[in-house]
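Several structures are given next for inspection.
Shared between the two complexes below is chain A, which pairs with chain B and chain C, respectively.
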Partner chain A sequence: MLGLSSKDTALLIIVALLALLAPVLLNPFPEASAMAQFNAGYPDLMQRFVIYGIFAIGFNILFGLTGYLSFGHAAFLGVGSYAAVWMFKLLSYNVVPAILLSVVVAGLFSVLIGYISLRRSGIYFSILTLAFAQMSFALAYSVLSNPKFNLTNGETGLQVYTDDPQIFHRAGLPDLPHFFGLSMRSTYTVDMGGWSFDFNAGYYLCAIILLVAFYMSIRIFNSPFGIMLRAIKSNQQRLNYTGLNSRPYTLAAFVISGMYAGLAGGLLAAMDPLAGAERMQWTASGEVVLMTILGGAGTLIGPILGAGFIKYFENIFSKINDNVLHQWFSFMPDGAEDFLVAIVHPFVGKGWHLTLGILFMLVVIFLPGGLVEGGQRIGRFVFRRNNRKGGGLEPDAKAKQPAE
Partner chain B sequence: MGILEVKGVGKRFGGLQALGNVNLSVAENTVHAIIGPNGAGKSTLLNCLVGKLIPDTGSVTFQGESVLGRKPHEINQMGISRVFQTPEIFGDLTVFENVMIPCFAKRDGAFRMHAYESVKDEVEIREKARLILDDVNMLEKRDMIAASLSRGDKRRLEMAMCLVQEPKLLLLDEPTAGMARADTNNTIDLLKHIKATRDITMAIIEHDMHVVFSLAERITVLAQGTPLVEDTPENIKGHPKVKEAYLGETQA
Partner chain C sequence: MSKNILTRRGLMRTGAAAGAGLAMPTIFTGQVWSAAHSGYTNAPQGSTVTLGFNVPQTGPYADEGADELLAQQLAVEHLNGEGDGGCLNTFSSKALKGNGILGKKVQYVTGDTQTKSDAARASAKSMIEKDGAIMINGGSSSGVAVAVQGLCQEAGVIFMAGLTHANDTTGKDRKANGFRHFFNAYMSGAALAPVLAKEMGSDRRAYHLTADYNWGWTQEESIVASTEALGWETVNTVKTPLASTDFSSYITPVLNSGADVLVLNHYGGNMVNSLSNAIQFDLLSKQVNGKDFKIVVPLYSELMAAGAGENIKGVLGSMNYNWQLDNEGSKQFVKSFGEKYGKPPSNSAQTCYAQVLLYADACERAGTFNPCGVAEALEGFEFDGLGNGKTLYRAEDHQCFKDVLVVRGAENPTSAYDTLEIVEITPVDQVMYAPDHPMFGGAEAKLGECNPGA
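Let's look at the complex of A and B:
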């Protein structure tokens, strides 16, 4: 289907189902229950899952395929956001021109940075991209924000003011980013029993764009161009002696992933019309590296998993405070309860980074292929067990056995 | 005039004169071996031919065109392919993908996205890759990951990757280094087969005299960065100077 192998089609369908049903799947706990705080199915967070998923998919095209580790991809995210907000300021709150311009501007910007950075490889490439990203941050934070020429609005962040031109803005349109009149914030809430599901317009716009982005990344992975990129990672020496100049290929991969980052940045601004310089900081660049490695660099679905994992942690794990912990351990005797809370305390709430760090270490040491490799191992383990138990059963019969 | 002409090439690394004044002419459609003791400058010479090093003096011309100052990929586009001492292949890719990449490069080496090219092109490339794998007896291993191949098979694959480009000159840097006797003999047979089935010139750098005397039609002996003699294998075998500089040493 659509030029994909049956395996990739299945993967695309799974991702599509997950993305489209996310408002339901991410809200497994009834609203009133104590576990409700683990629900991730609210629009703001779901948008983040998907947007950072796009960011990581793009990063994976560069890092996963060519092996060039960019430490400055947040610069393109930031540039995309600024471009989108400028579109809101100048034209109207319609997200379509904003997203298109954010992709184009990030693409042009990545041609510039990529052309210079790709003169070196390995650690020098990483440092060059990091330097460029930090320069972009400095530009956005202070240099390009002075009374004479205010492109970024510095510390406050770029936002839309009532005296902005907005030449295509008309009376009937929402005063928020919208898709031809459909506000990104409009949410349709379904209450079912104790559950409540939010179907948000902005989320679905992001989800559809994610699916297109994911489909394109599958096509890139399987194309001759993708094979060429993997060849660069595998053996650049041989490629040179095969009559190929690898630089245009790496630059193309760099620009493609920069455009993905710009798209993600544009979407962030489309969901919340504000662009700040902190989006370009090196921690943001590091985050996408973590997402990709955690999920599984060079795999198709890994980056999405990694992005979801990290964003879930950032938003959910960080909300667990001592009160919640006391609730959890209340069945224990008082002394033991306080003791356990004291032990767990540093790892939750504001200390969520600590837990994430430990998990990251464990994944890198024991599952170098990331969460995807973990999934594959579990799959193989279950498959083998079933094999042993079932003897010579048909594959169909195996699948019917309960997974325990 | 030969297909490859090396005239007065010299290369100095700091205080070491790696190549003195090398003159070499490789005739078209021959197998030309370059032998010499360790440190004779064989690898330096080869690196000057493929653009990895730029000689300090002299000229290197291939089919009348200078190769000096060109990048390795440009020299490859002229029709020179190189087989490395340790097989250089794309370890993470399958055998078939390994052979497909030089097919993409073959056309002119220009950058292409390749994503939206006609299906016919890809069918052609796949067929070409299949034929060449069949030619080197690797077809049944087409879906294996290249890194998991044996040393001899890696060498075969590397040759296939070079041959699929239809080079006019194939440079071989110790093609049997580190191989067991059986693998060495297989490689000799493969090289003979390659020579017999197409118009190709080969320049071989080799330590193993068994390989050299089974394949070469001309032999140049290099010692201390200068060519000592150049002759047919029969004459080289009995040459007193060669015995002294090279064969005498190894057989003592």
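Let's look at the complex of A and C:
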């Protein structure tokens, strides 16, 4: 279907189902239960899962295929966000021009940075991109936010004020980002038994864009262009000796992944019309590297899994405080309760970085291929056991395991 | 490569699937949020009400955040009638009974702002969308305060700002759903100026080092304006990048500039480093223009004082609150806080504690959790007994007006906690300004309409 092999089609369908049913799948626990703490199905977090998924998919096109490790991708994300908020400020709250411009601006910006950075490879390339990203951050944080020429509004973040021009804004349209009148914040809440599911307009816009982005990434992976990029990864020198100039290919990959990042940035601004300079900081660039490696670099679905994993920790684990811990362990005798709380305390709440770091180490040491490799191993394990039992379920098990 | 052939059957199948997908949501007999509840976001259901405490738990202001959280937990305890009741005993409004808010037990959720406006908004959004928080309180920087205040306005909940000192929070970025108890850069300038004149004379030459972002600029603007009104001359104003840790290269030119006062518009780790550098260059023992060289740090905090150690001796600055203040509310608060945590509360802890109590009291007096009712109850509210003395929540810009403290690094501290001594309590009239003051966005700054959400 759609020019994909049956395996890739299956993968696309799985991703589509996951994305469309996320509001239900991510809220597995009834609202009143103690486990509701772990529910992730609220609009803001779901939007983040999807948006950072797009960001990581784009990063993977550069890193996974060509092996060029960019440490400055957050710069494109930030540029995309600023472009989108400026469209809100100047035109109207409609998200379509904002998202389009964010992709275009991030694309132009990545041509500029890519043209310079790609003169070097390996660690020098990484350092160059890092330098550019930090430069962009400094520009956004203070230089370009002085009272005389305020492009970014610095620390506070660029936002829309009531006295902005917004030339296409009419009364009757929502005062928040909207898709031709449909507010991105509008949420349809379904209460079923103890459960409550939020179907959010903004989330579904992001999810549809994610599917398009994912589809395009599959096509790029399978195209002759993608094969050329893989050739660059395996041995660029050999490629050069055959008389091929590899730079246009790497630059194209860089720009494509920069545009993906810009798209993600534009979507972030479309969901929440504020662009902060921290989005461009090196920690943000590092985060997308972690997402890709954690999920499985060079695989199709890995980056999405990695993005979801990290955002889940950032938003759910960081909110577990001592109060919550005491509730969990309240069934125990007093001494044991305090003891357990003291043990768990460093790993939750403000210690979420620690838990994430440990998990990251475990994944890198034991599953070098990331979460995708974990999935494959489980798949193989199940597959083998079934084989021993008689092999009746074989095709079924095969379909379940995530493809590369 | 497989071919992409569109058949009639394939098309019909796809169409049917897409149609079913689109029709899906309508199958459920769901209720829209606003219809199910009482006309405002997150109306408390059942016997509890949830507050959101959004403080920096990681990053440069993590210490301030930790202290804020302690104070917020103490406030919740007092509201629920546990502990010794704290400032409920001294608060001039007697609406709070110690049985929660409007009879509902107070619960809270916490989040990490990371001192980044993005992360702070994400965290506040999850409190509002997931946990049903009806009020957000906390924060330790103005960027975060302005960002979260904007979010609360859009979402239709009340924002009770924590530590935020920039003029913009209740100036050009003021919002109908946002309230600030903390003082601001203008008040710092107005309170410091007379003390500076008294201690240093009115013919000084000042050199400013300013953290290069919004808060730094508004503070520099405020201090320059109030010191120039005294007759001081501003020799130079230099912006320093926020990420700097070594300020030596910024201190050297000060010596050759002919300035005899150094104003450090820095906060947190920045201030600790720049002050230490200035002391290393022995600025305080220099004589310039026949006068002793002086250093001023307009915004002080206990945690910064602890970080700078010996270096702050004799250095002047201003504060919103200090635990050594001698009034009923302050004594009661320091007692409750000290008994529970074994240390006196900081500036930022007190402002968050007061904000939580003020919110709860406003709900009681309004008889509702509806943000518009609460805002109306807070506007123009005059109170006493929360530690700062007589205070007014001004209706025009949602800024609190109260006495401002001018403090000095103590020469001979007796413990780790009295590193600052109060020089003067500047009366509120002296730090008053018009709501349409040019430093606060002028006549264009508007609160807008209160938004109950839903």
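Keep in mind that, in the parts below, the second predicted complex is superposed on the first by the 389 of 404 C-alpha atoms of A that agree within 3 Å, B and C clash if a C-alpha of one lies under 4 Å from a C-alpha of the other, contacts with A are read in each partner's own complex, and residues count from 1 in each chain.
In the analysis below, a contact is a pair of C-beta atoms (placed from the backbone, for glycine too) under 8 Å apart; a residue touches a chain by one contact, two chains touch by 3 or more.
Not measured: the values here are computed from a predicted model.
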Of the two partner chains, chain B (first) and chain C (second), which one does A:G3 touch, if any: first, second, both, or neither?
second
If we overlay the two complexes on their shared chain A, which of chain B and chain C does A:T242 touch? Say first, second, both or neither.
first
Answer with first, second, both or neither: which of chain B and chain C does A:V50 touch in the superposed model?
neither
Touch count on chain A, higher of chain B and chain C
C
Please work out whether A:D272 is in contact with chain B alone, chain C alone, both, or neither, and reply first, second, both or neither.
second
Could you pull out which chain A residues touch chain B in their complex?
219-220, 223-225, 227-228, 230-231, 233-235, 237-245, 248-249, 252
Which of the residues in chain C end up touching chain A in this complex?
1-4, 21, 25, 28, 30-33, 36, 57-58, 62, 73, 108-112, 116-119, 121-123, 125-126, 129-130, 141-143, 146-147, 150-151, 154, 168, 173, 212-215, 217, 239, 241-242, 444, 446, 448
Chain A - residues contacting chain C, complex:
1-6, 20, 39, 42-45, 48, 138, 141-142, 145-147, 153-157, 159, 162-163, 176, 185, 187-192, 198-199, 222, 272, 274, 276, 278-279, 314-315, 318-319, 321, 323, 349-350, 352-353
Chain B residues touching chain A in their complex are 50, 71-74, 76-77, 81-82, 84, 88-93, 97, 100-102, 104-106, 109, 111-115, 117, 122, 161, 165
